[in-house]
Amino acid sequence: MKRRSFLIGSAATGIGLMAAPAILRAQSAPLRIGTYGGYFQDSFDAHIFPDFTAETGIEVESIGQPTGEAWLVQLQQAARAGQAPADVSMMAQVARIRGQSAGLWAELDPEAVPNRANLPDHFVHAYDDGRFYGTGAVSWYITLVTNTDVYPEAPTSWQALWDPANRDRIGLLALASNSFLLEITATTYFGGTDILADEEGVMQVLEKLSEVRDNVRLWYRDEGQFQQALETGEIPMGQYYHDVTGLAAADGQPVRSTFPEEGAVLDSGSWVVSSASDAIDRAQIFINYMARPEVQAKLARFVGTAPTVARELTDLTDEEFNAVASDRTPILPYYDLYVERSDWVNQQWSEMITG
Amino acid sequence: MSGETVHAAPASSVSEKAVPGWFGLVPAITLAVLFLIPFAIMLSVSVAHRVPGGFFEPGFEWTSYERLLSPFFGRILYTSVAISAGAAAICIALAFPFTIFLAGMRHRVQTLVLVALLAVLSLSEVIIGFSISTLLSRTAGIGNLFAAIGLIDGPRSYTPGLFALMTGLCYLVFPYAVLVLYPPVSRLDPELRDAARMMGAGPLRTFFTVTVPLMRAPVLGASILVFVFTLGAFLLPQVLGRPNHWTLSVHITDQAIFQSNLPFAAAMAIVLLLVALLLVGLTLLLGRESGGRR
Amino acid sequence: MTRGLRLFYICFILFLLALPIIVVTGISLNEGRSLRFPPEGLSLRWYGALFQEGDWLQPLRHSLIIALSASLLSVTIALPLALYVWSRGNWLGRALHTLGIAPFMLPPVITALGFLVFWVSVGMYGQMLATIISHAIFLVTLPVVTISLGLRSIDMALVEAARTMGASRGQILRGVILPLIMPYIISGFAFAFVLSLNEYIVAYMVAGFTVETLPIKIFNSLRYGYTPIMGVVAVLFVALAIVVFGLIGRYGDLPRLMGSDRSGER
Amino acid sequence: MTALSLRGMSKRFGSLAAVDDVSIEIPAGCFVCLLGPSGCGKTTLLRLIAGLEEPSAGSLHAGGREITTLAPNRRDFGMVFQSLALFPHLDVADNIAYPLAIRGHGRRARMERVETLLELVQLPGLGARRIHQLSGGQRQRVAIARGLAIDPKVFLLDEPLSALDANLREHMQVELRQLQQRLGVTTLVVTHDQKEALTMADLVIVMNEGKVQQAGAPMKIYRNPANAFVAGFIGQSNLLPCTLGSDGSVDLAGTRLALDPQDRVKTKPGPAMLSIRPEDLRPDPQGPITARVAFIRDLGESVQIALDFGETRLQAVFAPRERPDVAIGDALRLAPAPGGIVVLAPPEAPAS
């Protein structure tokens, strides 16, 4: 930033000096780890972080982070100011790839993360020039969820979203890049996500998707907005996360998660470290720890996420595995669309949902 | 905050001698550095080059503004202005009589009501949005009450939708509207209204031939303040409205918080700023006119 | 309209204004970890939890520090500004008055975005000082308005009298003007304090999660957390506002501080 | 004929009785002054008559009709307020024409009437002025013209002249009185200025603490005050504690004073209050009162002498020709003029 110097001049230096104590962060501060807030964060706090601290002696400060995109922007802006709101973050793939193209993630030492060998290649992340910067953390499914009081019978297909009988009853995610409704529509009505390869195809899919508008009561940006409404039956159907729905159902809430016949969306989060972090060594220890098969199995049991390591490496029983995943072919997000054509897709998407 | 304070105090040799001239410099420099420069930077960001999927780099291009020149954003601007104007009109229509009645109450009652209003003022937009969506929901809302009394057949939901959004916006700005109207209304000589009554005007006629014309400038000022304030609301349209009610402010935060497209967010903010400035300028003009008449 | 009808109208509107407060109060009393209204099972446990759970204590501390420093700073800027505008009718006075009124008169989203790009450019994004300064500038309008109100109510004869008795400029300022406008300074401070405590968009855009304040934490808990603590915080803030302004009303003339000229007559 | 009749009217604000059981009959065409110190309830009484306040008890009749709860806009009264209450958003003509417009008079009729009224109050041709362009006296006249626009049944004025400077005020008092006599409208004026009341009124009603102390023609009240309050409030009076004997004499701290048959006694024998006007103390070598001269004011038209009489201070006024030849410190003997003494109940006596 060259403009900075002449725009701000000496006044800012004065202010900067006043702010100095904030910069002198103690080295012994705990490792700050961001996970999605709510149930997710609670589960990590209860089952994962204490064991990690017990084993490594590294204190953890758990940070509840918002939806991937918002968190990415925060990390980006903070990094430009030399700040890191969290050392390690769990980023969804679209946000991870965007951060990669912005060079936001700190380079890690592959030798310090030997457990990366447990992960399939697509969960070992590196810059184009081969510098390693992150690993797959957890996988999750976005499924069709319903309130069991309102829908005694579980729906079987994503087509339920288009059913005129569900007018004004559905809650969907409001961003193209985390709802993956384009992929769902493409798979349900256009035989797969290949149609999303060009803009013309995307427009066709959007056209079809726009038919759900009258059924949608809530386009939600953050989970809590929808979960409460789903539990009370206020908005009895929608797309949501399989893991959180499972935890809520286990809590006795009248909700269920269904893997539709077209497949559920399989998305994942990865551990990355902000380039502004000064705790890279400890972050590497944590990332390595999280790539252990037994930790992945524990995540599946307590958090309800699907493991990112191969299933064979874990000791999960069939029953345990099926509770967090499905053998049906999943719908895989068309990530390139949201990275290469993000502004365009975002604009078309906004125009579609605002009608 | 008060609509009627917009005209500067007249120069008085006595007061001038009581305040040293350099007093003006400290706030002038502070506000210039911390308020005007941010806007200058925002202006420069709005023409900066957007790096897709990344941040932005310095540059000069009209791309972000060109993107705004579309029927889509025209409609959003229209929606924003229409919703804010509607909310401002409803809010003032409720707040103006409220303030008049309040100013006529006993001192103690006025104090209590003011404390209540100031307490409501301390509710953040987040809490207001959440509470009103609960109040208007099918499962826990007033629909149940109506159904219980027999007004409607069964509980129903009033959110999200235009009604819920308007309710929320009016709630958000109502205390401000009253507090802005309060000084001019409570300074209005009650004998003017008594005089009209003595000359044969009924209460309604008194209201429209005396109170309203006298309070025209303050009411307009308050309306514009409330209008601009609702124009900036970004949480309530998301929580209480449907996508077609999302205002320009929602799209600004969307771009700034979710899309990391600061040039585009800045360009939209500049456009919104121009609309707001136009109206603030209008207030200043109206304030001056009424100031000269006193 | 008769007095009774007028009172009814006021009470009815106050009732509507109270409804959301009733809802958050109800939510704060939930026994379980849910935001149900009406509450399921009554309990005060979340009131205790606010002060025990570290991840709520930290935002509480942030919010209080920010609100206190920001409102002090805004009064520090507003006082000389209002004095200058009051004493001078020149172009600088007029410009200053507009500058003092503008931050709060613009849509907050715009101001917030302005601060965001500013602090990112200066390299102070995410520091508490950035939030404090942003709030002080954003809320400076409130003390400017209240102090101006107080200055205009000063009887100039008092200042003239002080001069004839040989008081210097500084003595007049300290001995006559400041004591007269002190209640207005306090109410401006209280205004800025309470609003800073509850401000969301500026705090979020300037520091986001790096300096989490209570409103940001509340919004996050609404997004994910499902804890009635957010209701507790809202209730406590409303109570705090009632105490602060109630005390001002008890020991001062609140209607007069809010700009009424003829209060106390009836 | 009775224009207004108040029967047992009271107005309470909380525990305070601003107007306490007031009953008065006001003849048609009469000019009435409600006189009393500030806070005595006179303005509240006027507002009760106007209908701007609702009485807590009692009834009000106008022209034989009960109007106790009639809305103020239906009474067809005219009123001039203390602040004048001229509408700043209307010009002079529209202010005066306001009550006519309310009653649906046509524009031509209104403008003719406005011209007549402006001439009546000696402001011809000022109809197009705005209120803030007028002087204080001109505003006064506009307010009076406006109050008279509909030929009101009763014309009410609340301290209408209090904002004017002394010269203008005296001038306006005379003018208002003349105007009222010309129009014959029943007029009630609230004032705290006893000179104003004595100048203008046919009937003065003296109020204190919400109660009517005395009502009557100005000179009658002056000569014959009903109680110590009235004696002290109307004009100047020497009020001396005394003891009234059963033999028609009073004892003034040891000085015995025989009463003249023309003197008035308004209380029972025992502790009492003696009132004597300064002009009723005459120098008399055989006079019963001996006092020491404390101060002399030669005013040209008259001489005022303050005298120490025991513990109390006496005021006496003499025409220049009657000026006794005394200096400060001299003793002076005085005698009350026949009929100059009023013996009143002591003020601390509980109200009957």
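When the chains are written out, they are named A, B, C and D in that same order, and each has its own residue count from 1.
The rule we apply is simple: a contact is a pair of C-beta atoms (placed from the backbone, for glycine too) under 8 Å apart; a residue touches a chain by one contact, two chains touch by 3 or more.
For clarity, every value in this text was computed on a predicted model and none was experimentally measured.
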So which chain is farthest from subunit A, going by the mean of the CA atoms in each chain? D
Roughly how many whole angstrom separate the Cα centroids of subunit A and subunit B? 36
Need the CA-centroid distance for the pair subunit A / subunit D, whole Å please. 87
So, what's the distance in Å between the C-alpha centres of subunit C and subunit B? 16
Distance between subunit C and subunit D based on Cα centroids, please, to the nearest Å. 53
Multi-chain contacts in subunit D, i.e. residues touching at least two other chains, fall at none
If I count partner chains per residue in subunit A, which residues reach a count of at least 2? 3, 7-8, 80, 225, 232
Name the residues of subunit B that each touch 2 or more other chains. 37, 41, 140, 256-257
Please give all chain pairs that are in touch with each other. A-B, A-C, B-C, B-D
Contact footprint of subunit C on subunit B as seen in their complex: 1-2, 5-6, 8-12, 14-21, 23-24, 26-28, 30-32, 34-39, 41-42, 45, 94, 97-98, 101-107, 110-128, 130-132, 134-135, 140, 171, 174-175, 179, 182-183, 186-187, 190, 203, 225, 228-229, 231-232, 234-235, 249, 252-253, 256-257, 262, 265-266, 269, 272-273, 276-277, 280, 284
Can you check the complex and tell me which residues of subunit A touch subunit B? 2-3, 7-8, 11, 67, 69-70, 72-73, 76, 80, 97-98, 101-102, 174-175, 217-219, 221, 225, 229, 232-234, 339-340, 342-343, 346-347, 350-351, 353-355
In the complex, subunit B touches subunit A at residues 33, 37, 40-41, 44, 50-55, 58, 67, 72, 76, 137-140, 157, 160, 238-239, 242-244, 246, 251, 254, 256-261, 264
Please name which positions on subunit B make contact with subunit D in the complex. 189, 191-192, 194-202, 205-206, 209-210, 213-214, 293-294
The answer for subunit A against subunit C in the complex is residues 1, 3-4, 7-8, 12, 15-16, 18-19, 22, 36-41, 62-66, 71, 74, 77-78, 80-83, 85-86, 222-225, 227-228, 231-232
